[in-house]
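What follows is a structure written as structure tokens; I'll ask about it next.
All chains are identified by letter, namely A, B, C, D and E, in their written order; residue positions are counted from 1 within each chain.
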Amino acid sequence: MDNIVLLVVLPLLAAFLMPVLARFSEVVARVLGLSVLVFAIAIIINVWPQVNSQATSIAIGGFMPPIGISFYVDQVSILFALAIPVMVLLFWPWQRKTSIREYSLMMLLTASSSGLVLSGDLFNIYVFYELLAVASYSLIAVQGRAVSIAASFRYLLMGSVGSVMMLLGIAIIYTQTGTLNLAHLSLLAPLHLDNMAGLAAFALILVGMGVKAELFPVNNWVPEVYGSVSSNLAALMAGLLSKLAVIVVVRIMVLLFPQPEAMQLMAMLGILGVITGELVAWRARDFVRMLSFSSIGQLGLIFLAFSIPGDTGMMAGIALALHHMVVKPALFMLATGWSGSLENLSGVARRSPLTVLLFVLLILSLLGIPPLPGFWAKYLLMVGLAGQDSAVYTLGMIAVPLAMIVEIAYLFRLVMIMYRKEDTVKVKAHSKWGLAIAASAGAALIAIVLQLQPAGDKLTTLAQQLSDRNYYIMTVFPQFHTAETGMQSIK
Amino acid sequence: MSKIGNIPVNAQAGKKRTNPLAGVFDELVQFCQSRSMFMLHYCTGCGAIELPPAMTSRFDMERLGIQPMVTPRQADILLVTGYVSVKTLKRVILTYEQMQSPKYVIGICSCTVNGGMYWQSYATAKVLNEYLPVDVYIAGCMPRPEAVIEGMRRLMRNIEEGKGHAWKDYFQRYDYYLGNQQHLFGDDWQTPTDIIGEARHYGLETEQTYGEHTRILEQHQQPLEPHKMRIKF
Amino acid sequence: MSTITELLTELFLMPLIAFMVGLAMVLMLRKIGARLQRRVGPPLLQPIFDIVKLYGKDTQVSHGLIHDIGLVMAVGGYVAAEIFLPVPGMDGIADKGGIITLSYVMMVPSLGLALGVGQCANPNGSIGISRALTAMLAYDIPFIIVVFGVAAHYQSTSLVGMIEYQQAHQWGIFEMPLLAAAGLFALQGMMGKQPFEIYVAPAEIATGPMVEMSGKYMGGLFVMQTFQLYTAGVLYTSLFLGGGSNWFEFLLKIFVVVAIPMSVAFVFPRYRTEDMVRIMWKWPVMAALIGIAFVL
Amino acid sequence: MNCEEINLWLDTLLAEIEEIEVTRKSERRVRVDVPASSLPALLELLKGKASYVHLSAISCVDWPDDEEFELVYHCWSYEAKSLLSAHTRIPRNSAQEFAHYVSVYDIYKPAAFFERDIYEMYGIYFESSPYMEKFILTEWNGPPPMRKDFDAEQYVNDTFNWADYHPQWLQELEEDGGGIAVRPEDIRL
Amino acid sequence: MSVLDDLLLFTALASVAIIVVRRFASVSKLSVIVYALATVLLVKMSALGYGGEPIYSSFTLNVLGQNLYWRFDSLSWFFALITVVIALFTSVFMSGAWAEKYCQEHSTEAYGLLQAALVLNVLSMLVLLASGDLLSLFIGWELVSWASFMMMFLNQDKVARKAAIKYIVYAMAAAMSILMAIAMTYSMTGSLDYVQIMQAVAHLSNTQIALLVTLYGVGFGIKMGVIPFHLWQAAAYAETPGPGAVFMGAISARMGLYALIVIVVQIFSLTRVAAIEIPYTFLNMQNILAWVGALTTIIPTYIALKQNDARYLLAWHGVGQGGYMLLGVMIADSIGTAGGIMHVFNYATYQAALFMAVTAVMFRTGTSNFSKLGGLVTQMPLTFMVMVVSIIGLAGIPPMNGFVSKWLVYRALLLDGEPLLFVAAVIGTLGTILSVYKLVHNTFLGQLRLEHQDVKEAPLSMLLPMLGLVLIIFGTGVMPGVVLDWVAAAQNAVGIAPITHNLGGIELAQGGLDMIWVTGVMFYGFAVGAIVFYFLGGKSKHIHQFDNYAGGHFLTSKVRYHYSNHFYAGLMHLIGGWYKDFFKKLEQALVSLVSFLSQLSENFYRSAQPAVLVAAVAFIALWFIMSSFSMPADTGTVAPITQGIQGGLPK
């Protein structure tokens, strides 16, 4: 079970070894990156059955929590941990001309993201988050185009402000409780963090992590960055990194800040994200810009879903997150050929009917049309929202459908342009690999439709695990049989 | 020189019923035809001003069962009032052919009788019954309403006595009338009504219906048989 | 329900009576018109003379099969409508279909005539028909409100039931004066006489729908006019004047009912189409609605 | 400028021009004889300067023996309250089909109708008049009927035949000596 | 494997087969066989039509704690029967001559897509009709709206595309409002199954019921095209290629009514809906729905009056008659609902026949624009006969079936004592009569055009379905009892007292209706009229159309002596001013509001210095938080925490 730590260590090592090895032979350096990823996948696969039965907490270096650094591995985090190497492998910059620096940055990215997902310690999360941020700034800058450098600088500014606020949040938490271990903190939270300070801390962490998770006030960088980077990287960032940030924030919220105000704050920001995302996407005239705004909208939806207390919220959130993780990168892969203004897509259905059909399948699922998984996610969200009776959720209940109507308007306006009679198409050919990924994503959607029942059960177990605080505490502190004994022991 | 008054017409042509018993029924129909006449006055000239007084309260034509009608389809009597210029004669003939028989023509004012005071004019048709079979003439350079009503009563008596068959003459001697018309309007003269078809349909044709004038008409007449209701896939 | 043989005699007798009474009504119409214009007016049997003369015509013009069928539907529709109207001693099939069926059966002749005139391919006819249908739209709304009020008041839609109710209680006119007034106004429109006769404007569109009707076609329309007057009269009496217990009283009522709109007709000029619709939707509808307010 | 001054001014002006002769028949009637070529100029002067704004009619007189047509333009002035009729003579050239003259449509708009009338009735073709085609005599394809050399009565006798109106009651009268003094066909004016 | 499974499975396999085979010419024959077999399967289930127990499908789905199942009850059987029969007629109409012409003009591919769209539509409608609980209802609902979008999508020209996208946005709005309503029902009653919801409804508060009914009403209303949402339907249905319009016009919009009946009448039960009082007005919820139905009967019918294209006129009538059905259903007593439900059947028959006739005219003359048509009665007499019979049905005049359902609704309104609703319904019907005559007159009557002299009758493959529909219209008109049995079964499946009826019609104490007698007397009248006409009058002669009274003018083909455009000029002088496109302006206002908001939010994303903005906001928030709470005095509490877990150190 302990070789989970290798997930973080090996890519980190490879990241720093790669430039050195590159001196001797290019080939070895290139192969190293891939082999590390494959090895990571192998580790996860053989750990998978064990985690399925019982979540575990690994104390690194033998220092038991709450002092030492501990990794917490349960079904949710292992799922995302698996997603990281798979997605990086899929979106590995295969082109010949990519420099070794980019490979090592990718390795750094994998290391920091898997660490972020697995770590059970607040400060550890902050460190990995910083590492991830640095990796993504430099990855954007390394594209070499002037516009991407400017975008990465603006993203750097936003990111650094975010990380400073997150650090402040952690500081407040530390002053209040004196510990940084998540399990321990969740024991102390009802006593110490249930006041204004706790709420402030949560707000700061939320906005801090929000930068990476495209949360409402801090997502100005999204359109510029996705517009300027290669679609591989954009797919990776939109698909994977934003979900990781969301999962971490949710885990913190569930464990540390279960009070309703926190959830409503997150819900409010989520609703604003949905509305602004969809509305601006309605005006977007460029394919990639439209995709990025729609991803802001979808992320807002995911935040809103997670902010619903109880199981249904978690289920809706995870469903939406996983669905978005599959669909959005596929759409970005389609953008390899179709970037540029929407008008030069007019009549493209005549030129490549299958790709357009795939595009339609993907956006149908994004919109939530019944047989496709997107619908079940949206159904869970609506049921969750309907269950709550506080004002924010009813506002969400009204805002989400309206946003969906705007979304269908601009998506189907694009489909109309594609199916126009006159054939004035000015698009490049898709990259074979990109098409393959998109097609596989479409196949995944259809597979889920056929396997609806097992997928539903898997989703319910994931949600239970994510929302169950005592289970988390039990696994980290096996000696406390129940949460209450833990509480007495502290007082 | 055409003779007025006694138009040689065989009254029996085109009779529907042959058995004698039907005679009683025909008597009734003839009586009703005389008692209810729908009048269409074509105000070709000055004579028309005499008709409103004949209709209104002082002389009241309705006593005789005469009602003014607007379209030739519904009318029985065509009152040609006043001089008939060549241009108007074309329209009078068209209106006459659109009327449904038994139809009667009453020429009011002496201009229809023999040219009247416009006898010298190059533009007017002098004798009406060369172009249409006329039943009754009412002379007078604008006959007074009493004269008009007297003319009407004379027509009613004619119909009662069974002498109201001038309309058959138009079918039976169509070639003569057509000749006069073509003489005046030129050879390419034609009306949208298919008189020859109608004559054949009602069995009113005689050998005099056809002649060289009808041949001239045949050459340039546009086809007039109606669009038959047919099912053709 | 009367037995089959009785019904068959009724099937034969009712339209015949309708025709006879209708002829008398047409004579009365023309006599009133003449008297108002200080004229002598037509002789006694003039309507019969006209109809026999028209049917006795030797040549008739038809524009096609639909033109003929249109006429047959027009006359046939009214013959069928007569059988729905209860007459003292004969009920016909009034209880098989109530007022609503009757008001719809009365639309069959106008639709049939419209189809027939349509095939005459004469724009005067088409303009006339478009105005006739607009007129129908105009007078049918107050008429339907009146029907609603009456049906609601008598709690039944079959004319036979209504007449019994009125025989037992007072006449309809006393219990629902406003509805009766509105009904009379609608009757004026329904009979298509002078103030609301825009679709037969002789000078403007050459008698509208009747422009291409000659011989037996025109005769059919004269017969239809007789039925129209008779139906209007009998419908109004059975709704408001309690039908007829014996024939003399019944005939007297019908003639009085029909005489009022006739005398109004010859005094008024002709309204334009939109004015007719405006007037019909303003005054009678107002009166009828207030009348209903009292009834409900 | 009241009407006396206008009349005075006009008379003096016209007097100066040689080839036209002016006869003022009365205070409200002036006759001017002018050669064909200068008639439009005169009309322009009248309309522009002398307030003769209304062309009430153009009449035409046929002088077959002088081989000429006489055109009379009747102009009316509201201020001067007087009618000026300008007479002119144009050659008849009865050999060809039409006589020719210039149209005054550009000066007086109503001239178009009068010119078309004269064209139909007398066969004078007015150059550049807008409606030079048959309007009244559409059914007539004989010579222009108003010309004196057209004998209407002869034409009527050729084309139409008369009704010998000799009904029953007239025959009885004639048997016992009565009857019509002058038969209709012998009446001559 | 119940019969329902066979039906659904068979239709699914058939649609796959048709989609695969769509390029070949045999696809039209295949589709005809498919629908025929589907009808046979439905007939096997005909016990439902006479009050049988609902048939459950063996296929159930248990997802996320909800179990979805599918069943057919009498109401859904009634609707399914109409759908499949109309589809059968449409497919027969599509095969044969129409197919060849469409393939030449467009392509065999386009024709195949049309067939595929039709079969997908039928499949999705059957799935919707078979839905057993709210979730399966929603899934079916979405499939139907997307299948009809696919049908509208086939027509390539600009107007059709604009109509299609407007449709899909409306349909999505409807879906969203229904999803919201389902979510709320689930949260209020705890389950999505009809039976449990029915029990739970008893103790729901009035406001909750009002909210649910409004949301469901809006959702289903958009699909039915009731008054505030009626703008999309006419253009969308008129622009679909010929037979598509036939199918869509006849039955597609009625799915909204089916769902409304299931939800509002069966689950929330009209008495409960009627109990909800709207404050400050005399109305209650049921009145509002009834008035929406009444307004929908009037406004679209008078918009149809102004149309200058036959297809648009018929499509606008579709909207109008939809309102009529809603009005019928909303009158709580058995006669009214019977009228409403029967009107679905009647309307499907004659709307399909009318659209087929118009398509036949377009097939022969190439246009359906009134100003280019006229006088086709002599060239296409059978199509004319079909159109006359169906317009008599649409106008609701006795011998045809349309009259029976209209009579039922009027009788119900009379019994209920709703004068204004009664008048509104009558205004709607009169408007139908006027616009229906305009349709017949401008296409078939009047002067025949020169270029249409040699137009032939519609081909046999198109005429057969039309004549079949005419037989149905007349048959059910004379003997409405046949349909009334099914309607009665449907009524008691939905929980309303079924209507007492016999073969001829309805007996009621206060004056019933017996169509056999009424039709018999009418045909006796026509016989008398025919005798008077043919035997009393003399021989008549057919004459040419130029031999016409024109005030002495000689008619030639150069001058078109025909009155067809601006047909009801007199009426339009009065009501012309009342058409202010109120709803179109409302729609445009909404669209401009959305674009304004998006402009507003785009400015947010374009701001140059986001980082500084966020930092300032954060700093202020931080300052506020730091000042608002004091640091905890004794930091001692921290210390003991660690001892408590001392034992946790590594061994």
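Basically, contacts are C-beta pairs under 8 Å (C-beta built on N, C-alpha and C of every residue); 3 or more make two chains touch, one makes a residue touch a chain.
Note that this is a predicted model, so its numbers are computed, not measured.
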Intersection of contact sets, subunit C vs subunit D, gives B
If you walk touching chains, what's the least steps from subunit B to subunit C?
1
Of B-D and A-E, the pair with more C-beta contacts is A-E
Farthest from subunit C in C-alpha centre terms, which chain would that be?
A
Using C-alpha centres only, name the chain that sits farthest from subunit B.
A
Geometric centre distance via CA averages, subunit E-subunit B, whole Å
60
Subunit D to subunit E: how many Å between their CA centres?
76
Between subunit C and subunit E, tell me the centre distance in angstrom, where each centre is the average of that chain's C-alpha atoms.
38
Approximate Å spacing (C-alpha centroids) for the pair subunit A, subunit B:
99
Residue numbers in subunit B touching two or more further chains are 16, 71, 73, 198, 202, 226-227, 229
At least two other chains touched by the same residue of subunit D: list those residues.
none
Determine which chains touch and list them pairwise.
A-E, B-C, B-D, B-E, C-E
Would you tell me which residues of subunit E are touching subunit C in their complex?
375, 377-378, 381, 384, 388, 392, 395-398, 403, 406-407, 410-411, 414, 417, 419, 422-423, 426-427, 430-431, 433-434, 437-438, 440-441, 444-448, 509-514, 517-518, 521-522, 524-530, 532-533, 536-543, 545, 547-551, 561-564, 567-571, 573-574
Parts of subunit B lying in touch with subunit E, wherever the complex brings them together
16, 71-73, 91, 94-95, 98, 191-194, 197-198, 201-202, 224-233
Would you pull the subunit B residues touching subunit C in the complex into a rising list?
14, 16, 28-29, 32-33, 35-37, 56-57, 60, 62-63, 65, 67, 69-71, 73-74, 76, 100-102, 198, 202, 226-227, 229
Given the complex with subunit D, which residues does subunit B contribute to the contact?
1-5, 86-87, 90, 113-115, 119-123, 125-127, 129-130, 183-185
Could you list, by residue number, the parts of subunit E that touch subunit A in their complex?
61-65, 135, 138-139, 142-143, 146, 153, 156-157, 161, 164-165, 168-169, 172-173, 176-177, 179-180, 182-184, 186-187, 594-595, 597-602, 604-605, 607, 610-611, 614-615, 617-618, 621-622, 625, 628-629, 631-632, 635, 637-642, 644-645, 647-650
